[in-house]
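Here's the structure, in structure tokens; my notes come after.
A, B and C label the chains in the order they appear, each numbered from 1.
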Amino acid sequence: MTLQEIADRLGCVLAGDPSLDIGRVAGLQDAGPGDLTFLSNPKYLDQLPATRASAVILGRDVAHAPPPGCAALRCGNPYVAFARAVGFFTSGAPPARGVDRLSAVAADALVGPDVSVGAFVTIGPRAAVGARTIIYPNVVVGAGARIGDDCVIHSHCSIRDGVAIGHRVILQSGVIVGGDGFGFATDENGNHLKIPQHAHVVIEDDVEIGSNTTIDRPAVGETRVGAGTKIDNLVHVAHGVSIGRRVLIAAQVGIAGSAVIEDDVMMAGQSGVNGHIRVGRGARVGAKSAVLQSVEPGAFVTGHPAMDHTAWRKASVVFRQLPALKKRVEELEQRIAELEEKLANT
Amino acid sequence: MTLQEIADRLGCVLAGDPSLDIGRVAGLQDAGPGDLTFLSNPKYLDQLPATRASAVILGRDVAHAPPPGCAALRCGNPYVAFARAVGFFTSGAPPARGVDRLSAVAADALVGPDVSVGAFVTIGPRAAVGARTIIYPNVVVGAGARIGDDCVIHSHCSIRDGVAIGHRVILQSGVIVGGDGFGFATDENGNHLKIPQHAHVVIEDDVEIGSNTTIDRPAVGETRVGAGTKIDNLVHVAHGVSIGRRVLIAAQVGIAGSAVIEDDVMMAGQSGVNGHIRVGRGARVGAKSAVLQSVEPGAFVTGHPAMDHTAWRKASVVFRQLPALKKRVEELEQRIAELEEKLANT
Amino acid sequence: MTLQEIADRLGCVLAGDPSLDIGRVAGLQDAGPGDLTFLSNPKYLDQLPATRASAVILGRDVAHAPPPGCAALRCGNPYVAFARAVGFFTSGAPPARGVDRLSAVAADALVGPDVSVGAFVTIGPRAAVGARTIIYPNVVVGAGARIGDDCVIHSHCSIRDGVAIGHRVILQSGVIVGGDGFGFATDENGNHLKIPQHAHVVIEDDVEIGSNTTIDRPAVGETRVGAGTKIDNLVHVAHGVSIGRRVLIAAQVGIAGSAVIEDDVMMAGQSGVNGHIRVGRGARVGAKSAVLQSVEPGAFVTGHPAMDHTAWRKASVVFRQLPALKKRVEELEQRIAELEEKLANT
């Protein structure tokens, strides 16, 4: 693909040889001749002069200048342009169209046109799979589950009975949607009685869920993941949780039962949210934080328990100094005792 | 089902129309006409007057009164009654009785009467599956593994060679029992030599294990999960761990090698226990806590490192104030220096 | 096996009856007559006199003496000797040689000699599996993926398209290698645009990866796990991460995108590393720590944020005392105010 074609498709302003042939997209440091690279995070600005790429996607700030011999593609959001450019040069290899003869599709399941269903896939009674959806090998779709159009369900996913999945949803491998929530009532002898978990789970359109993440089913009500939300690997979403739209949830986050995560929230890796609380629209949760109480919309919280992020940072600085601070208090006690004695003697 | 039938089956005292037809169980806020709801956690007491349910399960405290037109079912433990009521109205759809023709059952495996074995299930040589046990699609039961009666093994579980599973055990999807423990001996060159992990794993009766949880096998001795214990999703139980009876372990907990968790312990989400230590009977571990030393029976610990829960809460309050506290110490140093100077000059 | 044979194979010095028959290896407390045990961690020294084992592997310190009637096998590294001795007495039961007739192997896949491929395994187009490699049931090997010689791939692993796996690699059950990294570019409307993740993932020789761990694929560059590295269960390795050689990563660790973990690093359970930072050669990360900035080679860091381990331990001690420390500051303020008043009046 020529640089001009790439510039046109990305809507970038090109400064450089428009006939240059580009073969792939690569990182600033790894790129060589024939490669397109990008600079989005200013943190990597000092790597820009040394790149060996043939072209670089940049923002509009002319202070960010490519080295001699490297063309520039300028636009408002270089990261979005990079995301699209990657798609020009790479593509997966989905299983062949059609339903593999080594699958087990129930007689009364509805399978849409132009699907790909791999080997050892089970599609249960009354389940439905939409048009053009790709199901990789060894996936289990339970009885009555529904999957929309243009979805990609990778190997080893379990979509349990009755789960509803929208259009253009991507499940990475090993995702489990609709496993039983962790609900028990403890009797007078301390035995834990299972509360049957048979209510609804809804995954809305354009959601992506990472490898081995688990989304549980509640006893009553529903568990819901809103449209456009993206969830990373090994995340736990408990029964009855409601996640809004365009939420970003990084790896190994845990969200306890019946919590509400509003639209546009961002949760960093290994953080957790208590049950029955609310994280307000657009709020951010720092890495490894434990959110024990509801969070206001737009807030940024960190720590265990989670508090205002800036307050946490400042308190963390003093935390390191605690042994010294304690010593200073001890010295003060010494000095004040001496003063008191002196004063008593005068 | 009429309200009278429900009251009789739950052993509740009914105040309301005994002939009322109930169609499902729902949460306080979601319930409408024809629904049965419940109040167990007093936190939700203020939602009670606004419920649109036809009937509500309540405790014996008459101060908790349903709104007009809503019947009351009173009993000693409304949460247990709710758990049982949910079961009256919902039911899963297990795979059909029998062994699916697309499974791979070893010739010398013992499969009990009235089992359901789904498609693409492997049951290895000398393995045994008890009566009425349900095995969902794509489960692997290793050589010599034993599963008791009336178990439910959901899709994609791996029950590795020789693992012993009791009666009425429920494994949610993706559970791995008997994977090799993380055991290596490091030689003088820094290379890590694998210690073969081929000893026993025992899951006792009435245990439930959540989606994608992993329970490892040790080199010597055994890993054991005691009767009636319930484990949530994405939990790690290392090799040689011993978990007692009726323990509750929430999602994403990690328990390191050879730790002992005694009966009736409760561990909140994302907490962790160090190797080779003991958490005493009935102890509680707070969310996201790191238990580095053994915990006394009945204690409640939180934090990193875990300490008495109340002490942790009080220290956490002061943590937020650390920058202010430091400033106060600086001011004290200033004031005392002034006093010392004044006193030196007198 | 006689004690003399064991001593010879382990290169240990034997003190005791060389003709003694040993039947298995067991822990110090569990061992009985006919068992071989070991003492490596001095923490368990007080269990040594009470062991009922017939023989014990010990270091060269003669102060560590077995009880009467128990033979001693002495060597420089008793833990390595134990690791090897375990292998003398236990062995797994791999699936039979050959390719199971219920598998789906692409016509153009290359399968080496003497492999074992279990039931319901998919091997995609152009994939390659090396000699003597064992693939347990329900594994999915994607298009173009390569697996070396003498590997063991346990049940339910997903080796996604194009992933490269070296020789003698062990994947425990449910491992996912090559799932899409969590990469999105957010447009001006707050929608998250997927960045296609189709670049390389390389697992070098002699790596072992624990159950349900996930290793992601990047958009550009590669994700790499170095030779001899061992990773425990439920670990998250994000896209573009580079892990060196002989690294030990305990359960539930998370490593964010493009982080570099150098050779011989040790990360304890539930710890996490921020994206785009470097953990230097031989560094140690304490349990549940959040590494937010790069770590020097050889350092030992703990805490959230991670800091020098000893400094963290000392600060943690004072953390517990914070309410008392605050009280002492208040008392100082009181006393100094009194002094100031007194002095003002003189």
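Convention: a residue touches a chain if its C-beta (ideal position, glycine included) is under 8 Å from a C-beta of that chain, and two chains touch if they have at least 3 such contacts.
The structure presented is a predicted model; accordingly, all values stated were derived computationally and were not measured.
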item: For chain B placed onto chain C, the superposition rotation in degrees, Cα atoms, nearest 5; value: 120
item: Same or different contact residues where chain B meets its copy chain A, judged by the half mark; value: different
item: Distance between chain centroids, defined by C-alpha means - chain A, chain B (Å); value: 25
item: In chain C, residues with contacts to at least two other chains; value: 102, 120, 138, 156, 174, 212, 234, 252, 270, 288, 304, 319, 321-322, 325, 329, 332, 336, 339, 343, 346
item: Chain B-touching residues of chain A, taken from the complex the two chains share; value: 102, 104, 120, 122, 124-125, 138, 140, 142-144, 156, 158, 160-161, 174, 176, 179-180, 182-188, 190-196, 198-199, 212, 214, 216, 219-221, 234, 236, 238, 252, 254, 256, 270, 272, 274, 276, 288, 290, 292, 304-305, 307, 311, 314-315, 317-319, 321-322, 325, 328-329, 332, 335-336, 339, 342-343, 346
item: Residues of chain B defined as touching chain A within the complex; value: 25-27, 30, 43, 76-77, 79-80, 82-84, 86-87, 90-93, 100, 102, 118-120, 136-138, 154-156, 170, 172-174, 208, 210-212, 228, 230, 232-234, 246, 248, 250-252, 264, 269-270, 287-288, 303-304, 316, 319-323, 325-326, 329, 332-333, 336, 339-340, 343, 346
